[in-house]
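Each of the two complexes below includes chain A, the first together with chain B, the second together with chain C.
And now, the complex of A and B:
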């Protein structure tokens, strides 16, 4: 059974919501979890709600890295930080994967420090799932975007590797045998985007292991045209935050309008089930977390604002990724293009 | 009020003895009565239909054996709020499980009905507390008692009241106030007061060593803090066994017996048992050194953790982490016994909308 190390101290609502999420999973699955963090605080929180102790162990870590801390400096200064201890556990074979809602930079750096890159992989990529339209029955309602922040700039080989890793992940997790891969660019023509993206396009087109559908423009991200969208970290992160921001602004504007006008209130009441469905789709709680791909070990990064349901979904994603042998799948796929 | 089997005679001339009092449903048996259908089915179940909780028969047998090995006379009593009509199936089930017991008490609902005592039909606290106290008056009055219940009804409160009446921590006036606040039925209250008075005359004894509450409903263990360190909320029989081992009431052989039953019959793994032990340590109900001894017993008995075949480097790393944790934990004092604030508990019940008697 998968054993997931969970960074109990990471996230805006940690450790309360993280512990609740773990407790929830312990009652509804057989996933074994290790809560890493301040043991006394963790136990006090466990004591306050229902949980199954048989599936939960606690590993004490004396410090934690805050959401606003500079990752590199914090990791250097806090050697016993919960995210470091959790990743070390995975590296040492005491757990199969790590889940953290904490400081993204610290999470990526801790993984880079303690995990080995898969042979042939130049850089790891932080992936993120996002809601999008579907184009055919059975298509996953979530697309995969990578990289969203593990890198800043990438070369063409690295972007091609991201495509291979994303395809392998979609193949295992979303059960899409030939996931459609797109390259995020400023135009559909293969000559657009500058030297790196032109070269990346050329490489991707020549890879038989990748079902490459060409360049994807910004207005196509939320369509079902591509299941996996590849971008360098800077661009991917901007896109991800933009998607989140639009969702929040739309909700906020609608609420404000409803507050000011009874017509809007009435309209929203009539549309309430549709709005709820939209909110479900755009709510990061429903998909929990996304993986850092490229390491031999697995790390799932949950949203910093994750509450208990998001944490429990992230743990389930991690367990599924372990069961579905994501890392070996990626290693095989990367080996084929070397 | 109830019909009890003749109980065992009192231990003669201060004979060393220990009494184990067990609730039946949800503590020994996995009785399902959450739906009306399940409730109706209970009287028609045969002994073979009845299912015990994992490891509990092994625990009871080991407790008896351990007591005899120490030269103490073990007494095992069952107290149930079920009607005596299901007694035959229960006795057969206990026989099937190889449980030797000294008495079993059922609640005679038919008699309550015939005499028009309708409140007695639903009352648990008055019924159980009266039965416990009267059983102690009748004897045996063993110097040590251990009580086993569950988190479905009012066992934590009933057992704590019983323990405090025996020890004298609860004065007759305060007991009367608590019972009145719980709206205990008049006849049950009179029985309780009579028995408490008899026990007071015989001399107070702090007899109840531990109260184990099986967390069948997964009630948050923090809800039981108000009952003090004497009450141990336990998620499974292995936790209960480890705690009893620590206080010397269970011998080392009992540990693998219980663990084996959980692994063989209920799909537990050694890792899960270890997690259970660690949980008990973190909650302050087991000392870290006892945890180490219990793990040692398991390993010597051939039950090994899943990680036992790991590379030496990984095993050393795990051992180091465990040692650090034990050192950190060793500095944490075990919780001191507290005087139970029943008024506060009742207020809390009232706030959460729980019923009294």
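And now, the complex of A and C:
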């Protein structure tokens, strides 16, 4: 059985919601979990509700890194932070993967510090799922976008490796045997986007292991044209946050509208089941989490605003990724393109 | 009176909608316009409806560049294309500004070929308005994003100049005396985004002529935190097209929903005035257009799918920019930061 180290202190609603999520998983699966953080607080929270003690253990960590802290400095100053302890447990073989809803930069840096890059991989990438329109019945309602912030700028080889890693993840986790891969660019032609993107396009086209559908433009992110979209971290990060931001703005505009007129309020009530469906689909808080791909061990970064259900999902995804041997899958795929 | 050269052959609905837009402006303003393109077709279209012949003249151009053509090759092969003729008219003093709904790359390259960069400006930028939430009553419902595709990668000086140019445009056209300027980045801290963005941040902070509000993240694009957002072309282009794409996906999802249930159909009907308001706000076809900033002469790029009202708006914006002397304003502002 996979054993998941869970950063109990990371996230806007930690440790309460994290512990709640872990307790829930212990009652509905056989996944072993280690809650890492302030042992007294964790135990008190566990005792407040039902859980299966056979699947949950607690590892004390004396400090934690806040959501707003500068990751590099915080990691240096707080050597016993929960994310560091959790990551070290995995590096030392005491657990198989890490889940954290904490400071994203700290997760990426803690992984970089304690995990080894898969042989041949130049840079790790943070991959995020996001909701999009589907093009055909049965297509996954989520796309995968990477990198969304582990890197800033990338060269062509790094982008091609992201495509290989993302395809491997989609193959194993989303059961998409030939995920369609797109290169995020400012035009559909292969000559677009400057040297790095032109070279990345050329490399991607020549990789038999990647089902490359060519350049993808901004308006195609929200459609189902590509299942895996590859971009350097700066670009991917802005895109992901923009998608989140728009979903928030839409919600707040709808609330405003409901106040403005009874007609609109009534209309909204009639649409409520549709709105709820849409909200579930576009609510980043309900997703399983974003895997950091490229290291020999896995870290799943759950959204900072994760509540218990999102934490549960992230733990289940992590366990599935361990069982499905995602890291060796990536290692094989990357070895083949060298 | 300003004299605007209008590319009659550019755009998905050219020349019909372009000529209709020009005819409309001739009846409701004193702006002089020159329709550039196939003279016979233009005249036939003009004759089909009312217009003021005193304000409209026609300049023949034997060819036109299609929306899907590779801009550089097309401009080389078609020396008498409507966009080239229109741009040359302005360069030669026969008109004061160009408006085109045609191939964006061709507009930018035609301007680059025939217009001079303002002294001191390193690169021109395509600036686009986009709808966003407002933060306080009276704030403009449109933000300005630049560059959205005239450049690919930019250095810190170029980004700082975009901020100066965007501020000048907001000051003159949107009457925002101190537009809030943000640098699009992957984090709010000044240390984020790599060398170029860190240096751009440092420069922007030190410019008294720019009301710099710091880094802006993806989720803040749709809010009113910054009135002018600065980014290199690759990033700005993906963001703008993503905004357009989401508005299209939302429309198509709403149509689907209306088919699925009578309850939703009824709800949508009750919301129709709100949906119409939202659609007007987020419909890129209804905007005035995107100015290419940094040249001594102005080119306004209207959306490719512009219909007559959008063309009219673009012409009025161009006339206003000429009257308000936007190019000299930018020249002054750029000279001050050197």
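The rule is simple: the second predicted complex is superposed on the first by the 336 of 338 C-alpha atoms of A that agree within 3 Å, B and C clash if a C-alpha of one lies under 4 Å from a C-alpha of the other, contacts with A are read in each partner's own complex, and residues count from 1 in each chain.
Operating definition for what follows: contacts are C-beta pairs under 8 Å (C-beta built on N, C-alpha and C of every residue); 3 or more make two chains touch, one makes a residue touch a chain.
Note that the structure is a prediction, hence the values are computed from the model and not measured.
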{"item": "Clash or fit, chain B versus chain C on superposed chain A", "value": "fit"}
{"item": "Contacts of A:155 with chain B and chain C, given as first, second, both or neither", "value": "neither"}
{"item": "First (chain B), second (chain C), both or neither touched by A:332", "value": "neither"}
{"item": "Superposition-derived comparison: chain B or chain C, residues of chain A touched", "value": "C"}
{"item": "Partner chain(s) touched by A:190 [first = chain B, second = chain C, both, neither]", "value": "neither"}
{"item": "Touching partner for A:140 - first (chain B), second (chain C), both, neither", "value": "neither"}
{"item": "Partner chain(s) touched by A:296 [first = chain B, second = chain C, both, neither]", "value": "neither"}
{"item": "Touching partner for A:233 - first (chain B), second (chain C), both, neither", "value": "second"}
{"item": "Chain B versus chain C as contact partner of A:220, first or second or both or neither", "value": "second"}
{"item": "Which superposed partner A:324 touches (first chain B, second chain C, both, neither)", "value": "neither"}
{"item": "Partner chain(s) touched by A:268 [first = chain B, second = chain C, both, neither]", "value": "second"}
{"item": "Overlay on shared chain A, then closest C-alpha pair between chain B and chain C (Å)", "value": "36"}
{"item": "Overlap of the chain B and chain C footprints on chain A, listed as residue numbers", "value": "none"}
{"item": "Contact footprint of chain A on chain B as seen in their complex", "value": "218-222, 225, 235-236, 239, 268, 271-276, 278-279, 282-283, 307, 310-311, 314, 317-318, 321, 324-325, 328, 332"}
{"item": "Residue ranges of chain C in contact with chain A within the complex", "value": "70, 132-133, 149, 152-153, 184-187, 189, 191, 193-194, 197, 217-223, 233-235, 237-246, 248-250, 252-253, 257, 261, 263-264, 266-271, 273-274, 278"}
{"item": "For the chain A and chain B complex, residues of the former touching the latter", "value": "27, 32, 39-40, 43-44, 46-60, 92-94"}
